[in-house]
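Two complexes are shown next, each including chain A; its partner changes from chain B in the first to chain C in the second.
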Partner chain A sequence: MPAYTVNGTDYEHDEEGYILDVNNWNEDLAKVIAQEEGLNMTEEHWLVVNFLREYYNEYQIAPAVRVLVKAVKKKFGEEKGSNKYLYELFPYGPAKQACKVAGLPKPTGCV
Partner chain B sequence: MADQKFQTPAFREYRDNPAIQIGAMSHSQPFIAKPEHNEPLGFPGELVENWEQKAVEKLGDLLDKNRALRVYLDSCVKCGACTDKCHYFLGTGDPKNMPVARQDLLRSLYRRHFTLAGKIFPGLVGAKDMDKEMLDDWYKYFHQCSQCRRCSVFCPYGIDTAEISMAAREIMDHIGVGQKYSNEILAKVHKIGNNLGLPKPALADTLEGLEEDVEEDTGVAVKFPLDVHGADVLLVTPSADFFAEPHVDGLIGYGKVFHQAGINWTVSSYASEAANFAMFIGSYEQMHKVANRIRKAALDLGVKRIVFGECGHAWRVAYSFLNTLAGPWDFLDPKYPVPQHILEVTNGLIKSGGIKLDAQANDDKVLTFHDSCNVARGSRMGDVEGGQFIIPREVIKASVNKFVEMDPQTTCEKTFCCGGGGGLLTDDLMELRVKGALPRMEALKEVIDNHGVTHMAAICAICKSQFTKVMPYYGFSMDMVVSIHQLVSDAIQLGAKEEL
Partner chain C sequence: MAEFEFETEGVKKTFTFMNRKAPYGTIYALEVLETVLISAAFEQHANIIFVDDGVYQIKAGQDTTAINMKNFSPTYGIIEMEKEDADEDDDIDMVWRIIVEKESLDARGLTEDDFKVSVEVLSAAEIADIVDASDCVISG
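Coming up: the complex of A and B.
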């Protein structure tokens, strides 16, 4: 099984780079995943990632895109509260790419 | 992973056939399912021993059960009418994506074992034995068919390549070679109730959030009820409607329509999924199990009607097979069709005056409509022939003043698949998805350039997700894609009826 190596520890991930054990996540690992994804992690990126993790801890699933948009809007203002802005942060899609960095399983289905 | 390793096809000046590129997509295949994806569905975890023989046995079994399959395999005369009708062929130029070539992948095995000529002179009639090369080709090219059935419209014998793809995938599942995307999702449906894996507390939170948003927006307390016993209507909708953009705006539209019409409705957390992915893998047994969740939810909640949200393959399964799979539905109110499409409900209410729309609310938009393949060719809507084409257009025209049709060679029963149907809406097939969208993107570009179209409506969760993802590759903005019920949502007049 392929893995990310961070500070001497291996973190296994699937074919697409989603880590297998959500409990193994830490910020250093997130930085490595983000780097592989070609993302430069800004304050906004971290807000999204942390929000995803909080939501996941409560509901065992990533939040709906709409819920995420609302959270970003609340924190960074009206002009950043859109799905389009989230795509600017995570060009491969806020649900999928942000989940990967946050160590959450990939959302599946018709999404 | 996110970088583009392929070339988006260029728009063709004339709609001529692409130059043949042998093997252009021979590298394309989805991730193979692991034992933990296959076993919950009752399939072997990995490639079984004697798989060559087991594949032939399974084909024999399918031929006994499904006479249409035998007719499709027998009746091709190689006339070539289908060759340039598949969006994946048009977008890739790979000759194995010609529908006839795709059929022949299975037909060659059929001829070898189930026809006299193939048993005696295999080389003369294109009959072949199952081997690793054939299995590899099957896995690749039966996952380059979105089961959209466009080719069957042009086939003089009506051969349905979708049925052949389904059969091949069913055979592969039975020898332990499943597709990760579909099988993982089906296991989630059995465990949690929907494709996303959205548990009840998350669903409740999402629906509450929508109630707050709509009230904040409109001042009207539109409810999005969950697991309400004794509701009249059970709404069964794709779980993407709870999660993704632009899908959720359609769900808000359904809620507003029910609210304004005074219809008492509910969503079920047990049957919180309309899409039946078992159709993609050709498994009757799985299709039956998934469909019966809807029956159980309807009985448990004591509803009188079942209404399906905007979802293409779901509507095909619902309209064409639900009665056989999960009937009889004699406990439902016989005054309504079983099941009913949300567009039938909305259109009926528009006509009867049960809801009022102000199309001026959408005057900033010029709409076109993408017919979803499984609604167009796998089902019908309402009680007149072609209702599945008429009803969505009537609802759009009641919600929007400016509507433009795309090239008639790409609409109604000749519609092109979005490029992501049939279990192919997965990131590991992104190249195929982008290339397969070419014919639809060309037709869209034409109406953008010539008629100023700003938005394209769709009525399928897969179409909406696929277009959102692939349109930027062609230079279009992802937010051009809308649900029909998003248009309804913007145009509907909420409030006391006498004031309207």
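Coming up: the complex of A and C.
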């Protein structure tokens, strides 16, 4: 099984780069995953990632994009609360890419 | 090549999701739950109904450790959250109801306080009227 190595510890991931155990996640690991994805993590990126983690902890699945957009709108204001803005942060899609950085399993549906 | 056109803009239907089975042991409960969440993404009206052993799906205090399966009951919290959102936000044209059948509760010695989400308790006859008034019924 392939793995990310962070500070001397291996974190196994699947063939697409999603870590296998959501409980193993930490910020240093997130930085490494983000680097592999070619992302420069800004404060806004972290906000999305932390929101995804909190939502997952509470509901055991990733949120619908609509819910994510709404949460971002609340924190960053009207003009940033859009699907387009999320795609600027995560060019390969908030669902696929942000979940990967947040250590969540790959979202199953299209929503 | 054939061209397909889908005119879905503004289409709004009332879906009734009839949950009849215990949460674990079969895939029905989880599959219906996923469908409910998709209907939220498309802002459809939904009646989410729990009857027979289906009432156990939203029972509070589930522990699946012994059967080595993921406890997906926290995910039903999303249904409650979507419902509250739809009720409060005038921009969301979506009516959601979370309903439990009274006869099923009585037969199992449960009350509406046993659930992890707030529910309406209705009789089988009242639920029949809701089913009758729905555009689409999905049961599992």
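Here, the second predicted complex is superposed on the first by the 108 of 111 C-alpha atoms of A that agree within 3 Å, B and C clash if a C-alpha of one lies under 4 Å from a C-alpha of the other, contacts with A are read in each partner's own complex, and residues count from 1 in each chain.
Keep in mind that, in the parts below, contacts are C-beta pairs under 8 Å (C-beta built on N, C-alpha and C of every residue); 3 or more make two chains touch, one makes a residue touch a chain.
Computed from a predicted model, the values in this text were never measured in an experiment.
S.K.: Identify whether chain B and chain C fit side by side or clash on chain A in the overlaid structures.
M.R.: clash
S.K.: Just chain B (first), just chain C (second), both, or neither: which does A:Gly17 touch?
M.R.: The answer is first: A:Gly17 touches chain B but not chain C.
S.K.: Scan A:Glu36 for contacts with chain B and chain C and give back first, second, both or neither.
M.R.: A:Glu36 sits against chain B, while chain C stays out of touch.
S.K.: Could you tell me if A:Val49 is touching chain B, chain C, both of them or neither one (first, second, both, neither)?
M.R.: Once the two structures are laid over each other on A, A:Val49 reaches no partner at all.
S.K.: For A:Val101 in the superposed arrangement: first (chain B), second (chain C), both or neither?
M.R.: In the superposed model, A:Val101 contacts neither chain B nor chain C.
S.K.: Check the residue A:Ala64 against both partner chains and state whether it touches chain B (first), chain C (second), both, or neither.
M.R.: Both partners.
S.K.: With both complexes superposed on chain A, which partner does A:Asn83 reach: first (chain B), second (chain C), both or neither?
M.R.: It touches chain B, and chain C stays clear.
S.K.: Between chain B and chain C, whom does A:Tyr92 touch in the aligned arrangement: first, second, both, or neither?
M.R.: first
S.K.: Counting clashing C-alpha atoms after the superposition, which of 3-11, 39-47, 201-209 or 327-335 on chain B is the one that bumps into chain C?
M.R.: With the two structures superposed, the offending stretch of chain B is 201-209.
S.K.: Please write out, lowest number first, the residues of chain A touched by both chain B and chain C across the two complexes.
M.R.: 58-61, 64-66, 108-109, 111
S.K.: Spell out the residues on chain B that touch chain A in their complex, using ranges where they run on.
M.R.: By the definition above, chain B touches chain A via 1-3, 31, 181, 184-185, 188, 194-199, 201-202, 205-206, 209-210, 213, 238-240, 242-245, 248, 273, 275, 311, 425, 427-428, 461-462, 464-465, 469, 478-479.
S.K.: Enumerate the contact residues on chain C facing chain A in the complex.
M.R.: 34, 37-38, 40-41, 70-72, 74-75, 77-78
S.K.: Touching chain B in the complex: which residues of chain A?
M.R.: The touching residues are 15-17, 36-38, 58-61, 64-67, 70, 83-84, 87, 91-93, 95-97, 105, 107-111.
S.K.: Of all residues in chain A, which touch chain C in the complex?
M.R.: 58-61, 63-66, 108-109, 111
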